[in-house]
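Shared chain: chain A. Partners: chain B in the first complex, chain C in the second.
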Partner chain A sequence: MKKRKERIDRGIKVRSGDIFALCSWREMLYLSGPRLFPLIACAVLPLVLDTYWQRVLLSVAIFGLLAISWDILAQSSMVSLGQALFFGMGAYCSGAMDHYWHLSPFITIPLATIMGGVISTILLLPVLRLRGIYFAMVTLIIPLMLVRIIEATKILGGTEGISGLTSLPSHWIELYLSLAALLAALFGFRRLMDSDYGLVLKGINDNDRSVMNAGINIYWFKAQALFLSSAVGAFAGALMTHVYMFVGMPVFALDYSILPIAAVVVGGGGSLAGAVLGAFILVPLSEALRALGGLRIVFYGAFLVFFIVALPEGIFHFITRKYHQFERWVEVEK
Partner chain B sequence: MFVGTVVYALINSVILLLMAIGFNLTFGISGVSNFAYGAFYILSAFVTWMLMNWIGVPYFLSAVLSIIFTAFIGAVMYRFILIRVRGQVLSEVIATFGIGLIILEFFRYLGFVGIEYSLPVFIDHSFVIAGTYVDMQRILIVVFCIVLILLLWLFIHHTSIGLAFRGIAQDERTALTFGIDSDWIAMLSVSMGAALAAIAATVVVPLGTISVGEGYDVLINALAVCIIGGLGSTGGVIVASLVVGFAQRFTDTYIGPHWTMIVSLVAILLVLIVKPSGLYGKQKELEERI
Partner chain C sequence: MLEVQNLLVFFENALALNDFSMTVKKGEIVGVIGSNSAGKTTLMNTLSGLIIDMAIKERRKGGERITVYGRILYQGKEITTTRPTDRVKRGIALARERHPVFPESSVMENLKIAGYLRTRAEIKEVSEYAFKVFPALMPLKSRKAGFLSGGEQQMLSIGMSLMVKPKLLLLDEPLLGLSPMMQKTLISAICNLQRESRITVLITEQFARPVLPIIDRGYVIENGMLTLSGTGQELMDNPEIKAAYFGV
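Let's look at the complex of A and B:
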């Protein structure tokens, strides 16, 4: 008597997949719940948390943005090991504009977002043709090299960095600005990836040569995806610069490259929502583990290995499946 | 000064080669990029140290024991973790990197930091070669490395396991049809890579102290050499370690120590842009770029 597991869509999923979704509040809630939940959470959480956890929430938003930026790149066939490049570019752009030209943060942040995106894209333009692990290696090396160059040439403050930058008017603005950016990026890019444009990007990931065959210039599309993703990363960097009121070599640190990848691994790639969910799990977890001191990173590593091996699809896909489908054991027919 | 720089550059190249050879072997045979490589290096050094100072095992016996232990850990890592993500490059990288983090940071947590954590040199003696002092350990490293490369070559080309290694490196599925158990052979290759890291640690670590940070540097150096030479190509790794070794020493002496790392990073970047599979890489053109 062997049994197997069978997965069937829930009735409510089938009903709410059509105009019949409008037939009752239950169906409408089923559809809108998962979308309203992050909105409400982001609006309410800052109000109920104390100052320390508000800082944690801010870095959740920052790492969430970086994870989104990683996921956009990964969905368009570019696996990056160096989100720190985008983060650091944004941070240095806004820091330098603030320090040398004394612009207001509300001008430097948007400018740095664009500039950081453009510079990172131009830096990576020569290697757009590389695939897979080779592209990843280049992105891993560029931030490491930029750090050493800043150290050796002592430009932009050298090893000391630039401190004493202007901060945003209040920490509520910092918090809500970052959360709003996170939500806008999450929903905006999810929509973008579902459109025809996103389809081309995903097509490049699945089979680049067949997309070329369709007469589409994939390098142009890859460059655009690179710009979108690096602009998101640069925004995170620019915002963080004004929060810390400091920009220096740590902005190119490996943390900013590793943590977003870890967030996507834990949350699940390919949906952007998984990336954000991963950030919401990992960043507070690493804060909670801070009491353990050095052992924290050990747990962190163990966590990564566990997720890669045991739940490779990520938490988000697991939850989605449970939400849409139910499972039951059935007998295997002879 | 010039001759001295050349001598030290040569020794530096040999050290780089020793550090990279295990990483390269594992990748060349099974395609697993073992990012826990630096951690294995440090692990074996600490195991040797612990055996010597806590239990009192003689130096050479403890070195051999720690090499066997590290090989065993490598096999365990493959058998229980890597086998589940085999073939998914990114997952392999993240899983092995996670294991490396666990090992290295656990040692840091236990407080294994300081100059008392060092291994003795084999023979304490030094020479003068062309007006430069060179100690016995460095000479031994060069000799040892040459012997090791020869032994590895013999092993790969004249034993049945070596044949199986070359078999799965060429085509895993075809190798399967010839009755080669690819999982078993891949496990052996990961474990041998770990053992080579341990061997490198045994001969190189006596030059300095055992530090956790060294683990990450070893990984970066091994990666640099392997990328420049071409992942999986032994000849390429030898050439690349010479290139990087000389470049590092010469910039260190004539330009300044700040630029040492930049030179090797720029070298990697240029190689990746111009010829992604390295100087002697065997990857096919379409796998690396479109």
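Let's look at the complex of A and C:
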């Protein structure tokens, strides 16, 4: 008798439906476990790590935020190669406000988040009509252009950058603020993308003409998605400025554009959680490989290629599938 | 020429084709009639081997698992696991559902892409033949394929599958989305094609009325299962078919 492998859901619908979920600890844990895990991890990790790895964790949170920002954009049909634009915008906004107006970081960071978002959105508004690779090219070019503008006009500190900015009161606040922002962005935007609003954004990605046909102004929605995404990126930049107490041209560096994309590829796109998971894997990996010197990039690249070839769906989707479904062999009935 | 034995196709846990068997003899026009979601396109994809590629893609993405059981014999040799490109080289060509063409290329370029493996003389010969079968395409030679009408795209799509000089031509819902006039034109074109070049044709279709008169034998498929088979005339006279497909 021939056999085939059958996939069976673990009954997430029944488990998550009304009263059934409250029937036993096991059911409740099944539902809340995956959500509690990142919360607990983010609360405990800073306490158990030493100062060096705490810095790494901070950078994980920053890249996680950038990866979320990239994933939101990608889900709404805008593939960007310029996360550095959002990051740098936020960084320069908060840096300038701190340096020229002497505002406290707790005011500059939120303000820079919104200002960075608005400025980046306005900069990209004319190219919202572009799709795919054309939009990506524009986003790649703009940060590079801004670097040259700052260099040539010597505004905002020119090549020297602005140093001696106010730092946050303690490194614990830096760390927990970044992790809290990461979790808030993760859960908040996951919720948003599951709502009807998110459905429209995903619809634009799937087939923009059909969305237009439904009477929806896709450019207005795209602009909103762009603002959300760039605000997330700008927040990361603003926070980083106050951590380093410095803002300069490196904030527009290519690293901030490329690493988030790599994180989404490894973690799995379209879920936001995959983006964060990817950042949690890639950033520490890149730190751990630092000892290898020049060979670091080779190992790093090989790791990336391995994941793209072997697990194109991304780690997060793989884990989700295994968590929600099990497989068994059944006989093929005739 | 083609023999399908006990074909079972699963899309994950859903059974798309259930124990389907059929034979196609050389020089025949055979029809597979079925309503929506009967498994017609799955059958065509399995015969042309595209399902192997689909299965690999889905598996790598972690998507639906596609399982195929049963045997497909072509000219006496088993081709169940043969790659789609090799099947084309052995003479099985599929004109896919919804006439996918290369929208950015002109009609002539489309034909050239489809006939890439042929020599220049052969391309000229077969494309002239395609224009003879579908005269409507002739004046559209240099138009962009994406701007052709549905029927013209359908003709182009069939023309493209002719470019590989098939021995067995698979037509997946050739009448989909065409007006009754256009359907008649296309059907008579298919008839002429078969009469002139003596190739074997397998058509799947949900419009039984235009198709049944031209087929030598037909199979009726429902929910992936074979429910009826017989010659075209037998099927036309069958009261169930009359009720279900002719609305009499």
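The rule is short, and it goes like this: the second predicted complex is superposed on the first by the 313 of 334 C-alpha atoms of A that agree within 3 Å, B and C clash if a C-alpha of one lies under 4 Å from a C-alpha of the other, contacts with A are read in each partner's own complex, and residues count from 1 in each chain.
Going forward, a residue touches a chain if its C-beta (ideal position, glycine included) is under 8 Å from a C-beta of that chain, and two chains touch if they have at least 3 such contacts.
As the structure is a computational prediction, the values presented were derived from the model and not from experiment.
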**Asked** A:L295 contacts which: chain B (first), chain C (second), both, neither?
**Response** first
**Request:** Considering only the touch criterion stated at the top, classify A:E313 as touching first (chain B), second (chain C), both, or neither.
**Result:** second
**Asked** Touch check for A:P126: first (chain B), second (chain C), both, or neither?
**Response** first
**Message:** Once the two complexes are aligned on chain A, which partner has more residues of chain A within touching range, chain B or chain C?
**Reply:** B
**Request:** May I ask you to decide whether A:M212 touches chain B, chain C, both, or neither, giving the answer as first, second, both or neither?
**Result:** first
**Message:** Which partner chains sit in contact with A:E151 here, chain B, chain C, both or neither? Use first/second/both/neither.
**Reply:** first
**Message:** Looking at A:V332, would you say it contacts chain B, chain C, both, or neither? Reply first, second, both or neither.
**Reply:** second
**Request:** Could you tell me if A:I261 is touching chain B, chain C, both of them or neither one (first, second, both, neither)?
**Result:** first
**Item:** Touched partner set for A:V138, first chain B, second chain C, both or neither
**Value:** first
**Prompt:** Looking at chain A, which of its residues have contacts with both chain B and chain C?
**Reply:** 312
**Request:** Name, in rising order, each residue of chain A that touches chain C in their complex.
**Result:** 2, 4-7, 312-313, 317-318, 321, 332, 334
**Complete:** Listed in rising order, the residues of chain C that touch chain A in the complex are 6, 8, 10, 12-13, 19, 60-63, 65, 67, 69
**Request:** Going by the contact rule at the top, pick out the chain B residues touching chain A in the complex.
**Result:** 33, 81, 84-85, 88-91, 94-95, 97-102, 105-106, 108-109, 223, 227, 256, 258-259, 261-262, 265-266, 268-269, 272-273, 276-277, 287-290
**Request:** Spell out the residues on chain A that touch chain B in their complex, using ranges where they run on.
**Result:** 79, 126-127, 129-134, 136-138, 141-142, 144-145, 148-149, 151-152, 208-209, 212, 218, 261-262, 265, 293-295, 297-298, 300-305, 308-309, 312
